[in-house]
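Next come two complexes, and both contain subunit A; in the first it sits with subunit B, in the second with subunit C.
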Partner chain A sequence: MNNNNFLKPLLFVGPHIILFIVFILIPSVYGIYASFTNWNLIGDPVWVGLDNYKTILTDTDSTFYSQFFNGLKNTLLFVVFSVPLLIIIPLLIAVALEHKDLKFTSLFQTLLYIPGLISISAAALVWSLIFNKQLGVANNLFGSEAVWQTTQPYAWIIILIITIWAGIGGNMIIYRAGINGVSKDLYESAEIDGAGPVRKFFSITLPSIRFPLIYTMVMTTAGAFNVFAQPLMMTDGGPRQSTTVLMMYIRDLAFSHGESIAGLASAMAVLLGLVILVISAFQYYVMNRNAA
Partner chain B sequence: MFKKIKVSKYLAYLFLIVVSAIWTIPVIFGIVTSFRSQTEIVNEGFRLLPVNWIVDNYVAILENTSSAPILQWLWNSIFIATLHTLLVVAVISITGYGYSRMKFKGRDFLFFTLLAISFFPNVVNLIPSYKIIDILGWVNTPWAMIVPGLAGMGNIFLVRQFMRGIPMELDESARVDGAGDFTIYAKVILPLIRPVLIVCGLFSFTGSWNDFLWPVIVYTDVDKMPVTAGLLLLQDIYGNYRMIGQLMGSAILAIIPTLLLFFFAQKYFVSAINLNSGIKG
Partner chain C sequence: MKKGLMILFASLVFVLAGCSGGDENTIQFWTPLTGEDGAYMDELVDAFNETEPEFEVEHVVTSDMYTKMYTVLNSGNGIPDLSIIHADRVTSFVKQGLIEPMTGIMEAQPELNTENYLAEAWEAGNVEGTQYTVPLDIHSNAMYYNKDLLAKYGVEHWLDDNVVTFDEMLSLQGQLEEGQYVLNDALAGWVVLAQIQNLGGDIQQDGAPAVNTPEMEQAIGAIKELADAGLMTPYGEDGYLMFQSGNVLFSTDGTWSSTGHGQVEGLNFGVTNIYAFEPTTFHNRASSHLFAMLEKEERTDEKEQVIGDFLEFIRQNSLKWAEAGQIVASTEVIESPEYDEYMQSFFTSTPEQEESLHIYTYEHYPYVAEAIDTYVGDLIHGEMDLQQGLEEMQKFVDDKVAEGSLDIENAETEETTEE
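For the complex of A and B:
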């Protein structure tokens, strides 16, 4: 073994390892460390042990306690309502698109994919106008009397609508590719056995695309926990903070104009991270077991 | 038997047409509104087509270079997303080569360790990442958005999977002809992995273009920000629906570049994303 055997691979994988250490490893470790400190982002963090966690989780008088649980509740609400729709709607579309001898499939796919390419802030400007009380489509065309942005449950509904409108493209393409890869023989022999389209969907299509389903479910859920842009742009967290998600509190505490409370914000981030981690692992475990 | 197929075929058509219409109407509504005057929008309310088509909104948008320099924002976004994408493609192909076609001790252990760490939710590293960008002096510079994303493992995983499907005999015969690793990477492997690189590149471009949380945090200078962060300011600048046309026009301008990219690269989107085989070592 000469040195060359190690040096050359290092030239190939080394640059990325440096990037990984600087932009993923160090910030992750430091983020956990900072959650045990008092830190204003400028000076050195001061170790305070579990104080931040105690405040967030047990001090019922503290605003951070109510912010954390309100934010977590709203984030969970968003996850519970958005994720099933972000899986089922693209799946139905993909199944429809893979129907045999259907024409214009690439046109349909393009139309449905385009919203995903529109930056969320541009989309929010358009959708806010659509749901504007005086000027919008929703009230003028459908005679709705609702003030969408500032009344519940409408505030949540518009956040979900823009999320689904912008979010189905990626999953749709993954499912299409998956369904496309299923052997045609399976469907033909099922047809000979007299299976209808619904039966074929549940007995052949779903089991065959098991891996894409698990993958998209885990990724979509983890993404939904990081929700931030839609409530910020559509409702600004209102009415009465009922759509303020945890990411908005974390950003405000760490980066707002006053003194930064980055230590406490880090503790909230770690707690959110743990929730994401546990739920992802749980999903992966359950789906892998049921499907096996 | 024949009837059954027909019914489900028309059901599929109906479903797709309805969904596509719902998905398209907001964009058309935005475009149409951007060509209407404020008085017309307020007085006439919702209309399918403008009474008078005007371009004044776009003139006003382009003339406002102080509080909402949208062309500058678009240029910032194009510069950031393009450079980011090119660097992603370079990094993932070189690193993927190292992890799949070179032999060194602990190679797979190293790869899967990094992959496992990268699954850790990135909300935790958000605040320290800002601090690191600050220390590097990259706040309010394009580098804040170009470089950190290069550290990700997802694309490297895809490239590595793809490369494992290429027979090793190709490398060996090139080696017999006297080629070194860099030659094999550039001349043999790179042309073969083009499909996966194009898909990763497209996703990197649109991901960078549409990123919202991070630019809102790292850019405070109006002239330096990308268009996603800039549009957040517009609700205040053209706010309270006093300048609806300008608001919609800005949103439409922000959409155009990604649409162009999509139409040029459309055919690659479906072809290379097949996850059915799953993770098999």
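For the complex of A and C:
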């Protein structure tokens, strides 16, 4: 009987635990170990202590130093540009969809959500055609003269456009669910007290969806740090490596044409992970404290 | 209910554990041939299997093949019996002890020898006197020309010696209609690598990578001159497409593109060599698909027998492969009259043409190529200072070579000092 009680929950969480251990925990631990080694993916990793970190962080002459900091700078730029937009736009849409007179809300919600379901590579192909100098709508219909992929700031703009297009749906759904959970009584009494829509938004809606907000903020930021496919597909990191994000350098080091440099790549990945961890923790702390 | 859960659980474990593939009774054959190439290879494999060999060949197209190869070699599970690798991998694979020599196969199949293949393709698999691969093809950089545009600008005579020179192209400066260009920048990195050969340079010196060289500077500088003169399609624009839409005289892409160009209605095109400095010295940077056997202990003699049969079958029957636009490596196929119908037969039409195909086999070539590809666009289009670019490229390769090749001695000292 007791035994049975112990087994049942295990059966429910078991599959997840196994998947987590096999695909997340073991690779992460091994990745951290690899970051302290010199490894070409084939032979045995050779322990080199903190050498990889020293090269990346202090050896200013090294290609890897400049790659890491250039990659980190571009990644941070992407985070700074994309995260606020990925929070504010879905939030505005979610609030707008709540309006009493709006018809076909589910239709709009579906239309906005669908892009997030499309594979980012397929979407990037479509978008690069839209911004193609020869064939594209942007140049032919709107008379733009720019070669979007190889001129700044256009290169960043197309990366952001596809990111936002694909990213708003997910957050919007979460905000809608949060807003639906807010008691209608609150709004009604606010109206009786003479609150306008702006006041209601800041005084009722925002505080009520505090936790969805924290959650989406942390997850969107972490996701933005891991950006890879959009710049790879849209600009290939150009012009002059100004859109080459850290994940692209990491992948090139580990899985490019030459012999793999997996140790250094792992060290860069660990450093990126630390940055994400610190920033997420900071966000969580600040938002939670302000909300309390 | 509980039983159902158990079954679910068990099947999950089974799925996770069952990831290692590999059938005992087939020849597992991995290739990186995605897209149409893979379909042509499928046809060749099917044709071989119809001869009822002892083991059937199972063709597995693997995107990201090299990463997967590292994984299976590491675990020792699911290593393919036969695979196709690129010429520039051979030296490093041999150095790391990842592939087996073809010696046994060649003994069993006497026709698999240097006489029966294009020399450049065969030699790509030879490391210090041992033959590690048998070639399938050479795929080369090639220059397509738009016949109608050549006539329009009255420059058809450029092709008389089969080599278009820098000077010839520069002579059209200022004479082009708006929106038309002499050449595009497709595969610019390969074009640079051809010019280095034309200038008598190399990408290595005494085994060390040599990127920041006078030849590299001259090669990139000369191409930049074409771009500066307004003859090259602008940076970031789709030069391949502009050639297909009939606005570019020359497109420097690959032998395999002939099928794509052929599908464009009204595009009247031909193929020639990559442009050069002098009509007498010309090269086309090439690579090769090579059959190789990854190091695998449990590959039986019987399987090796069938692999030999398969390679011999391909040697005799790879005309199909020409349809994919590749230069077939088997001389028997190349010399057959049917092969002349394919555009790429131009590159094997004379001994001089055959010699123009250059495959880089330098151990660190992949790093050099990566550096060139990363920088070449910014350099030829003047986004970046040439000198600064050359220095960064050299450092890029040097640093990767230093990290990529394990310096065990250093590592061990490090370890002992930490203890």
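Here is the rule we go by: the second predicted complex is superposed on the first by the 271 of 292 C-alpha atoms of A that agree within 3 Å, B and C clash if a C-alpha of one lies under 4 Å from a C-alpha of the other, contacts with A are read in each partner's own complex, and residues count from 1 in each chain.
We take it that a residue touches a chain if its C-beta (ideal position, glycine included) is under 8 Å from a C-beta of that chain, and two chains touch if they have at least 3 such contacts.
Nothing here was measured: the structure is a model prediction, and the numbers come from that model.
Undergrad: Once subunit A from each complex is brought into register, does subunit C clash with subunit B or fit beside it?
TA: Once subunit A is superposed (C-alpha atoms), there is a clash between subunit B and subunit C.
Undergrad: Output check: A:Trp47 vs subunit B and subunit C. Expected answer is one of first, second, both, neither. What do you get?
TA: Only subunit C is touched by A:Trp47; subunit B is not.
Undergrad: On the A-aligned overlay, A:Ala94 touches which partner chain: subunit B = first, subunit C = second, or both, or neither?
TA: neither
Undergrad: Once the shared chain is lined up, is A:Lys133 touching subunit B (first), subunit C (second), both, or neither of them?
TA: Second partner only.
Undergrad: Looking at A:Val22 after the superposition, I want to know if it touches subunit B, subunit C, both of them or none. Which is it: first, second, both, neither?
TA: After superposition on chain A, A:Val22 lies in contact with both partners, subunit B and subunit C.
Undergrad: A:Ile56 in the overlay: touching subunit B, subunit C, both, or neither? Say first, second, both or neither.
TA: After superposition on chain A, A:Ile56 lies in contact with neither partner.
Undergrad: Looking at A:Val147 after the superposition, I want to know if it touches subunit B, subunit C, both of them or none. Which is it: first, second, both, neither?
TA: Second partner only.
Undergrad: Would you mind checking which one, subunit B or subunit C, touches more residues on subunit A?
TA: B
Undergrad: Could you look at A:Leu117 and tell me whether it touches subunit B, subunit C, both or neither (first, second, both, neither)?
TA: The answer is first: A:Leu117 touches subunit B but not subunit C.
Undergrad: I'd like to know which partner A:Phe64 touches here: subunit B for first, subunit C for second, both or neither.
TA: A:Phe64 sits against subunit C, while subunit B stays out of touch.
Undergrad: In the overlaid three-chain picture, which partner chain does A:His257 touch, first (subunit B) or second (subunit C), both, or neither?
TA: second
Undergrad: For subunit A, what residues appear in both contact lists, the one with subunit B and the one with subunit C?
TA: Comparing the two interfaces on subunit A, one with subunit B and one with subunit C, the shared residues are 8, 15, 22, 41, 132, 134-135, 255.
Undergrad: Over in the complex, which subunit B residues touch subunit A? Could you list them?
TA: 4-5, 8-9, 12-13, 15-16, 19-20, 22-27, 29-30, 33, 41-42, 45-46, 91, 94-95, 97-99, 102, 104-105, 107, 110, 114, 117-132, 134, 147-148, 150-153, 156, 181, 185, 206, 209-210, 212-213, 216-217, 227-229, 231-232, 234-235, 241, 244, 247-248, 250-252, 254-255, 258-259, 261-262, 266, 269-270, 273-279
Undergrad: Quick one: which bits of subunit A touch subunit C in the complex? Just the residue numbers, please.
TA: For this pair, the touching residues of subunit A are 8, 11, 14-15, 18, 22, 38, 40-43, 46-49, 51, 55, 61-64, 132-135, 147-151, 238-241, 252, 255-261, 263-264.
Undergrad: Residue numbers of subunit A touching subunit B in their complex, please.
TA: Its residues touching subunit B are 5-6, 8-9, 12-13, 15-17, 19-20, 22-28, 30-32, 34, 41, 89, 92-93, 96-97, 99-102, 106, 108-123, 125-130, 132, 134-137, 140-141, 165, 173-174, 176-178, 180-182, 196-197, 208-209, 211-212, 215, 222, 225-226, 228-229, 232-233, 247, 250-251, 254-255, 262, 265-266, 269-270, 272-273, 276-277, 280.
Undergrad: Considering the complex alone, what residue numbers of subunit C touch subunit A?
TA: Touching subunit A from subunit C are residues 2, 5-6, 8-9, 12-13, 16, 64, 66-67, 70-71, 73-74, 88, 92, 96, 98, 234-238, 241-242, 245, 364, 366-367, 369-370, 374, 377-378, 383-384, 392, 395-396, 399-400, 403-408, 410-412, 414-415, 418.
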